[in-house]
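Shown below is the structure under consideration.
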């Protein structure tokens, strides 16, 4: 609960953050950068949960716990993604997403 | 085990026996033949029992019924039973399959698989003819259709893959329409808070709303009509027949295409009488078009099988035509025609197969004087041709005449005029049949074919079976009609 | 809460136990004879599968976060059974490809973990468990997708999968947060009562739906599927197309039918459109595929479209139809993929043309392929027919005749391409077909099991009756 | 009446013979099968005679009227409705008994004759089987008690004719002729069938006795009067039905314009031509009209009967003109047959119903009877000639009288008979026809009169050119036919001379009540027709007895007319044009094309479209991750928009 700041404002912020992530994901050509955009999206949600919890139902900590799990899972996801991207790099010497198109049609 | 289920079970047993014991052609065909002879014995037994029960005064609409819940939650039952028409259809099926086995006596490529597919197909047909439940019916219908793909695709000739694919897709597309109609019937039967049902006897007691019938009848009609070569959904049939191996053409044209008319008779019209009356005039035009159109197309064909395929379009068009005329006489005729065409066309395809097996040509312009070279087959062909063009003494005559009289006894000038149109087909039929015999059987012998082998015993057997029954229908129509009439009486009730 | 109630999640506990045992065994096992580890994994999982069929009762745990009821128990058992068959099929592959790299135990662990995730997902009573389950179900499979890390295609599939899966789960999460904001709870039961359907909530619901739709590969969220199925090892594609999809379908079903039931009217026509789109796109794309795996991927997309038919019914009829269909679908798809897998493993050939004349050299395998494809196409007496029939029935019960009509037309289209491999195997005559090879015993068992299943499940209505009897989840 | 219960044996015996010979055609050697066939026909012949005797002299005449006797064999053989059915039954009345005699006599003679004629042919047994089949069908036809049953045998007769014309099935022209015969008659049969359907619909019966009964005629008349039967072009449909039935008869009886098959049918063995295409089958149309005569006469004042008269008269003239010019002896006979049948039709057409007014009917039947004898004889004679000369053409013949006296004399008898010279049979019947026609319409009479002269002319043209005229060189010296053939010739010659004295009107009349009729030689009509015949013979004698150049001169003078007549007025060409150019090329071919390309093409198009669509859309699955993500996000947003918009 931050004085003077309403939930709407926070959620607007997170929504903007989320869509920045989406935009980044759609436009970056570097896989790592895309991964970072993904982090943005997920973080926006984490913030969402915490703030919604705090503002609307502070008695039950559902949202906050949720965001903890989100952080943990995001980390796992990123780790896995990086691992796979590394393999890709080893095989093709590039992490440009535009080059990832062997499988198509 | 009741005597009807055996008709489905025995083929399955044959298939199993084949899987385990048929190592080569010899054993495969023996197993198939013995199995089908058992079926024949059962068919005859069924007829005898049927007559006994009927003579005993049992006039219920279906006999030997058995009703086992299948998907009980869905109220889908395995409900079987027979009336006169199904009894005859079963006999027809059995005979044609037996003839088919004889015709395929020397099949060389994958014989075991061939007979298995053939018998699976047959079991589907049997199931279709005995089912009294739309669900059961549909299951058997599809079982009957699918082996065609393999049979044509593997053992066919010419563009067999294309033909097989086309046939399967068109028939399956048609069955798709049928399925929609099926659901319509099913769910509308539950309108008044009753449990929805697939059981046709029960369904006939319930009134389906007229608006629903209007929608679902054409679906069912086209669905069944496609397999009955309804114009313009018949194009699978020429290609399919042309490519199919002999026994398959026989079975297909002889039995499988009959599912169409039978289905319309047994299910579509019976359950949706108001829809049938509403659509009658429209579909009549299609049917009559099919009759004349098929016949006229046949004139131009030079491939034996195409001729016969178009002839089937024409003759089965008559079945649909008769069914749409909606009176007892026409329906009697439709059922007779169904039987009659079964034997005639099977005979045709058998002969075509035998001739093709010798000459490797099906083009009638390329062979002449076959009568001199293979007299037995030649005579058979002449008989088939004469029967096909409706010569008295053979089955074609009685059935077609019944249809025409039936069509004409409608008190409606429109239908009478259409009947007259349909009658013209008898001339056109004569034209193409005689053109065929004249070109192929008669005339001076084509040199390269002078040393062809004469008919073998198994070929003669196959032909004899078919000719005998064709003649039996043609000379003793009253015997066959006694089965048909009572059944038609029951099934036409909702319509008139 | 006492210990007994914990037995409601016996499945999960046992599976976790197996996971741990395998982890430990992996460490302790003598490096020379890792083969034993495979059998251990199989054996343990067989035990799990067996126990999963014994009923576990009804109830909920953790204040409603975890729910168990007969249908979900049955569903889990079916999934376990499916995984068991997939494992049997993969033994040979593990031996050939994974054992040399000493990855065999990891394979089991990852698969089990994923299954565990799905189990949690389908049993979840709130969005948290659901989300965790979803991620747990997804991430091990992504790892498996890229398991052949020396293979460019496999890795590419992995990249595509993880990036898109992350996006989808991010969107799902965003949706969950919106629903949380409007309903004030993440528990399904609470949400159900609190739904008011303001705009925000609808947006949230749509986002949640898309997250799940991604897993089911509904159009237009399906694009990953074909690429990933093709790139991933066949066993993994199999798992993806069957188990993970089935799990997601189940969740979607419970969410739509129970939690978001108020939303029904708005939903139905969206589902209507998506169903048509999915069927058409799946079919149209499948038409021209040469690669069997890719082909099956599109086929499974189309199948997902059919499932939506029953989703429209929104009642017990739909539940029965969906569960029954999923069960049959598991069998049919596993069978199809199984055959593809065996051939691909033995000969490295995956294209339809390579199958030309297969029947002459490998009749039994071809037969299995045929039955599997017939089942997928819905041709009696193979059980796929009955499964599809009930799907249509479910839609028809609500009067969606036009939709059924479109669906059956699609079945006809699909029949065309399902017949293509059959055509290759049976109709085409080939001088040099794929030579005869012996199938390993495990794959054989697996194939026999699914074949028997395919033939029996439809003709024998007991299974359907059982499903009906437990299908009242409302 | 049970006296006639045995009559079913009459058609049954030939049927059994056919089946026996048909099945064992291979096994039975040449003379045996002939003997079997002949023996069975002998039985039939005797039975027929017995029946005739019994009917006409013992039981038939009750209260001064010949009663029709019906023997039911199988009721409702093919049941259509409660009222309509094909009952297999035998009707015995004057005309059927008369036909019985005709058919069995000629058939018996042909059987005997063929023993010699077909000697050495390798299809000998097959030939006899076919003959038996034909005899069965023809006997069945004449005995049928049911309109539909007559159609049954009508078709069977047609098919036996088809088989016999195409007996030499390795000769393309024979095959073509058989096909033509069958299809043309089939075409006519179609109208017949439609007519039957209409009669059945309006009359609610197919049974002859019911149809011909007064009650029925009254009922139909009532319906027409009350407009209960639609009318078309001013005529009620029932009249149309009768006309359609008559078209069926026209087909079988080779009336213009459906006659084109008959000349070609001469491709068959000559005994067959004698049996089928001269004496029996071709008069089926006449018989049919006679059978339904009460209906024809009474319904709408006999309008349909007028058509019969006109068609008959025209055909008589038309065929006679063509016959004047033909070179092939069998074709001359064929056209002569057509002409004579036209005569019979004319006779029926001009007839009234009751008593002496029904003279035409009686005369027509009488002519049918006598014609069968002398035309059969002519054909058998022609067969003997062809047998001897190995050619059909007159210019290959000449001076044969010396070589073949028996043939020549019997031929002369027949020619005199057909020309209507007393006391030969043809005179009596022809004369009565002309008398009847005179009473009806002078124009018709005059045409008939003219035709009588033409007939005499072309018959003697034929006779003189074959047996006298210039002697030709023959490879083998022609000689009279063997005994079996000569026997038949002589037997028929005797009949042709004597049957004219039968008091026919005491047996066969329209209302079945006998009356007296006798020829008055003082009547100018009679004298006129005799003179006309003699005139024709005289011209023929002048032109052809010796070789002269009159014929060429005459042909030149006639110019185009001669050529047209010789080319049969191009009827064949017209038919070929209509069938091949119009029906085959303009209707059938486009339909076949339409089927293959449009209808089938449409089905294929669906498939092609799918494949095209599949190919065109493959770009969607571009393989690019970000595209996929884009679609994904787009999908989400799109759905949200839709939901929001529609909510």
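When the chains are written out, they are named A, B, C and D in that same order, and each has its own residue count from 1.
Note that in this section contacts are C-beta pairs under 8 Å (C-beta built on N, C-alpha and C of every residue); 3 or more make two chains touch, one makes a residue touch a chain.
Note that the coordinates shown come from a computational prediction; the quantities given were computed from them, not determined experimentally.
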| item | value |
| --- | --- |
| Chain closest to the middle, measuring from C-alpha centroids that were averaged per chain | B |
| Between A-C and C-D, the pair with more C-beta contacts | A-C |
| Whole-Å separation of chain centres (CA-atom averages), subunit C against subunit D | 77 |
| Centroid distance [mean C-alpha coordinates] between subunit C and subunit A, Å | 27 |
| Whole-Å separation of chain centres (CA-atom averages), subunit A against subunit B | 65 |
| Cα-centroid distance, subunit B relative to subunit C, in whole angstrom | 42 |
| Residue list for subunit B, restricted to those that touch at least two other chains | 169 |
| Multi-partner residues of subunit D (each touching 2 or more other chains) | 607, 618, 621, 623, 625, 629, 633 |
| Contacts with two or more other chains, residues of subunit A listed in rising order | 22, 25, 34, 100, 102-104 |
| Chains that touch, pairwise | A-C, A-D, B-C, B-D, C-D |
| Contacting residues of subunit D [partner subunit C, same complex] | 607, 610-611, 613-615, 617-618, 620-621, 623, 625, 627-629, 631-636, 639-640, 642-644, 646-647 |
| Touch list for subunit B against partner subunit D, complex | 166, 169-170, 232, 234-236, 238-239, 293, 296-297, 299-301, 310, 328-329, 332, 369, 371-372, 386, 389-393, 397-398, 401-402, 404-406, 408-409, 413, 416, 419-420, 423-424, 426-427, 430-431, 434-435, 438, 441-445, 477-478, 481, 485 |
| Complex interface listing, subunit C residues touching subunit D | 159-160, 163-164, 167-168, 171, 199, 202-203, 206-207, 209-210, 214, 220-221, 223-224, 226-227, 266, 269-270, 281, 284-285, 287-288, 413, 416 |
| Contacting residues of subunit D [partner subunit A, same complex] | 618-619, 621-626, 629-630, 633 |
| Interface residues, subunit B side, partner subunit C - complex | 69-74, 135, 139-140, 142-143, 146, 149-150, 153-154, 160-161, 164-165, 168-169, 172-173, 176-177, 179-180, 183-184, 186-187, 215 |
